[in-house]
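The first chain written gets the first letter, and so on, giving A, B and C; residue counts start at 1 in each chain.
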Amino acid sequence: MRFSEALPRSLLRGLPPFIMACFAALAIPVVGAEDCLPCHRQKTPGAVRQWELSAHARVKVGCATCHGSDHARIEKGEARVDLKVCGACHKRALGEHQASRHGMALHTGWGCVRNLPGRNAKECQFCHEDGTGLPTSTVQCARFLKQSAAMGQVGCNACHQVEASCATCHSNHGTDLKIARDPNVCATCHMGPDHPQWEMWQTSRHGTLSTSAPSGTGPTCQTCHMPRGSHDVSAGLTLTSGGERLPDAPRTARRAEMVQICLACHSTAFAKRELERDDAVQQESMALVKEAEAIIGDLFDHGLLDPMPGERPPHPLRGRALVLDAQMLYEDTSHIERLFFKMKKYDFAKTIKGAFHQNPAYTHWYGNAELKMDLVDIKAEAQRLRERKRPPQAAAAPAAEGIEARLRALKAKLDRGGITPEAYRREKAAVLEGGGFQP
Amino acid sequence: MRFSEALPRSLLRGLPPFIMACFAALAIPVVGAEDCLPCHRQKTPGAVRQWELSAHARVKVGCATCHGSDHARIEKGEARVDLKVCGACHKRALGEHQASRHGMALHTGWGCVRNLPGRNAKECQFCHEDGTGLPTSTVQCARFLKQSAAMGQVGCNACHQVEASCATCHSNHGTDLKIARDPNVCATCHMGPDHPQWEMWQTSRHGTLSTSAPSGTGPTCQTCHMPRGSHDVSAGLTLTSGGERLPDAPRTARRAEMVQICLACHSTAFAKRELERDDAVQQESMALVKEAEAIIGDLFDHGLLDPMPGERPPHPLRGRALVLDAQMLYEDTSHIERLFFKMKKYDFAKTIKGAFHQNPAYTHWYGNAELKMDLVDIKAEAQRLRERKRPPQAAAAPAAEGIEARLRALKAKLDRGGITPEAYRREKAAVLEGGGFQP
Amino acid sequence: MRFSEALPRSLLRGLPPFIMACFAALAIPVVGAEDCLPCHRQKTPGAVRQWELSAHARVKVGCATCHGSDHARIEKGEARVDLKVCGACHKRALGEHQASRHGMALHTGWGCVRNLPGRNAKECQFCHEDGTGLPTSTVQCARFLKQSAAMGQVGCNACHQVEASCATCHSNHGTDLKIARDPNVCATCHMGPDHPQWEMWQTSRHGTLSTSAPSGTGPTCQTCHMPRGSHDVSAGLTLTSGGERLPDAPRTARRAEMVQICLACHSTAFAKRELERDDAVQQESMALVKEAEAIIGDLFDHGLLDPMPGERPPHPLRGRALVLDAQMLYEDTSHIERLFFKMKKYDFAKTIKGAFHQNPAYTHWYGNAELKMDLVDIKAEAQRLRERKRPPQAAAAPAAEGIEARLRALKAKLDRGGITPEAYRREKAAVLEGGGFQP
């Protein structure tokens, strides 16, 4: 049964012409939901209810249109409704999505795990269609490769599947655009220590206005990052996903796009000024990260990391090298490198994303203040590692407990206001007396 | 005045028969609110207003029905409206509550503080009815016993009183079920570093759908953990409150309960597959915790903890023993044990609860990544503690600053791309020249 | 054109007399918005829309009334609409605001950066009107002075401008009181690691009732801290912004104010009892902070901080002194001082503010438990710093690896249940055999 036969004319009234064209052009087999519904009303009533309320139900896009009809494969979770299924009709959205960061994921694939010992075959499904060598994802990250199959699914893929699954944002059976347009739907992935964009937006003035002000005056995630319904979520972004500045030409073009979006509420001069201030925050923060990176590089050069890369399990992509870039690990590493992981991956990200999202608490407290404390911690640990192999001159033991040392400490305490002058005189007398001297 | 006299028939229309039966059977003295209201409308207008809007007001369950009429005791906060008061009418809820984890608290009581020196007598009220030895709570936790009376009330009991107080979830004077059915009411206790279930739900797809989708399609805390209004909040839980797997028989029964709940939206096959993936995450995470636990046990065995349990205030329940289980403390302990506290109590909990609540950011970033970094930190601290008593071979001081060492470090820097070949040649030449050699 | 001419009588109906009086008395030039709107409807449609919906638009307070008409200065961001502009009409709010902590900021200014080398001239604008020496702000904090111009604007001033800008809470172009009365508007500043009041309120029972209960029964930030619309946000506060108790006289007066506010819902006896419990939490927490402070003071007195204040960049206000008070820095400091920064500035604040906001998770887990773990960490680091100059007696190397030591460790493992008796016998036998002894 073809589209034109399946629907009485009256049901099609009011449908946008491009949807009509889509059905007609593709000659989609409109498999009625009649076969599935009798059982699934009992077995999965919630899913059926969501579908019944959906635009798909109104135009008779039924269960099998998306899921196919191989019940055994569906049961085993192998008949994934990926973006090719949706893209057959939703062509413009598909194109924009695939050209954006959501569609490109993070990297081109070059780190297949097939040769790593002891790996679960299921991990192939991170990147490949089941049973074939065809890539479905281009996600590439050393952390990802280190993960077990279960963590890879629950922890990594639940977000990174956005590359392949429209349901990540649109939910599985409903089509209500309220869902996809709610900042909450972005939160599931864009939250947490590595990039709390949702938290930043929610408590920024933009978020506040969005929640409290007359409808429409406050911007959501989608207002700025998916302007006019575009699926190109990278519009206006001048930094790479690692927080580095884009090269000048794309940077200038992307900035112009963002300023154009700001103009809905702000003047050009104001928007540029604010964004340039955020640029400065990015540059200053990057300098702190580079300072820490140089300290760790120097320790490596002198063989002082503990353990050194050669003394621990090899990096899945880079072996025995020191890895401090986007493929840095948080496991099988040294304490100082793990401090650097927090600094770069969490606190650097919070500082700069906090600035661009106009959130002072994230920019300063969660971001900049932590960055600077990270640097203090990294310097202290570097000093410890250096002294581990070359201890500082021990204070001459007798002198340190002697009368001179005790008097000197007492004087320092007096100078910083830690003791009253009277108590100072009393304790000083006691020290002298204890030493056999007349106070 | 008895129930049947107090209410005109017309007021009783529409009341469920079991409420009628409850009043009649118990012959509850319906003390009119008339005595209290004239004053309390002035003194506590908010409380009166909440009561006036409540179902209790409609059926003339007045102030004294719950609070009694001993004004002096009420003023002193001694006339607690505990679950026995509510349970007199709400029998089914009381039974389910008491049979669930909410009702059992965490432990059977065996650690009375009466013999600990310097303890405030008020601390008896953590567990006992005032002025009697009757237990009101079975909460048992060493952290709890270490607390001051004030912190015990504000920090511990505000949540753990759920065992004894229906108002924990239902609020004090209102009866609006919107309150008790709002996930927010769960948040006050089920949040924070030790078990952020509310945060996990809120930003999961379940939470998102609950907020954005047409009413009724997204599950709340109550949908899955209090199905059909049950007060047995333990339904479907396959782990102990410490995150260990239940024995096989109850585990199988509890899992079947939860899958039944998932079926409202998902297929059996999907629900089982997802929950089994979460099981795997639990097992893998527990293995990391056990690895850290073994490291600390070994340090203890060799007398290397700093301070050792024998050198610090005794554990309130276990004295000088090494305590790394559910009664582990976060005070009067060593640095490495406190790192383990964070690992087990916070990050292990976040990983596994994040998985079961389908929240990728909690499972991975807040959970698994922190777990693995904790292990890095614990290994580094263990190494420091071992070397503290047995320093590593110090590098021969002259060699370390000599020309050979500096050239070796320079070569490592070149190899990791930390210096350009040109700069390498320049710096190498400078080293050689500085050493009196022709470069 | 003056007010009386600009508005037809009909438009003025229903305006409160004091607004009428305000316009009349000040003879505000009602510059029509006509000059600006034709362009700005194109250039900044959102701002125009917000204004059109505002009370200002209804009474013809147009663009130039607040922004002036010097277009060049406006473009450069120099024509700030500060509280003097708003205060011309809103006199009562201005007075209350300036007398409160919002108006006084944190300190009287005494640390001008003009003489610090390498500082950006823009930093003068933190405190002074552009181009003049007139102070616009009295904010004073060493962290603030260490910041770059960009971070100062994005990170510090975005909040601390509350002293000078009504728009911080009221937004820029709208006047909808829903915005200023929404707790979210407080969140932008009152959130994060240093004072998460918004998070505390949101998940407390007060916040829960506010979200779920019949409108009006749950208190918001404004209910308790801006009672009856007052702009004196300090009402009822008994602690300084650093968490110290106010002197007795103002403390008693402030407490009475707060109890009065609680009476809307609670009894006097209950409110006092709860607040006194919170007082106890503050005292106990302060004692922990003082314990840590004394440890660090002692290390300083003995020259053991690493680095010592004399070995690092000078504090912008206090030079080479040890600074552990409100002007303590989180950069250019030692690891142990940075641990203390977290303890005092973050965890102490969370504990006491958590208690006063009735949030058990913040009081205990985010607050008290962290405070106590901070103390563990600080003691461990202090021990390390002491031993750095005076290593602990190294265990006699042969003994530690000898049979006696291995047997002793094995026995400890048995005693703590880390090994079964059977495995103990087996391993013990192996040790003895390995040593050439008959087991």
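We take it that contacts are C-beta pairs under 8 Å (C-beta built on N, C-alpha and C of every residue); 3 or more make two chains touch, one makes a residue touch a chain.
If you're wondering where the values come from, they're calculated on a predicted model, not measured in any experiment.
**Student:** Building nodes from the protein chains and edges from chain pairs that touch, which of line, ring, star, complete or other describes the result?
**Tutor:** Topology of the interface graph: complete, with all chain pairs in contact.
**Student:** Angle of the rotation mapping chain B onto its copy chain C, from a C-alpha fit, rounded to a multiple of 5 degrees, please.
**Tutor:** Between chain B and chain C the superposing rotation measures out at 120 degrees.
**Student:** If you average the CA atoms of chain A and of chain B, how many Å lie between those two points?
**Tutor:** Between these chains, centre-to-centre, one finds 26 Å.
**Student:** Got the chain B residues that touch at least 2 other chains?
**Tutor:** Residues 384, 391 of chain B each touch two or more of the other chains.
**Student:** Mind pulling up the chain C residues that touch chain B in the complex?
**Tutor:** Its residues touching chain B are 202-205, 207-209, 211-214, 216-217, 263-270, 273, 277-278, 280-281, 284, 355, 358-369, 372-373, 375-377, 380, 383-384, 387, 391-392, 394-395, 397, 400, 405, 408-410, 412-413, 416, 418.
**Student:** Please name which positions on chain B make contact with chain C in the complex.
**Tutor:** Touch list, chain B to chain C: 43-47, 49-50, 53, 75-77, 143, 147-151, 153-156, 158-159, 171, 174, 176, 178-179, 182, 184-185, 187-189, 191-194, 198, 294, 297-298, 300-303, 306, 321-322, 330-331, 333-335, 338, 341-342, 384, 388-391.
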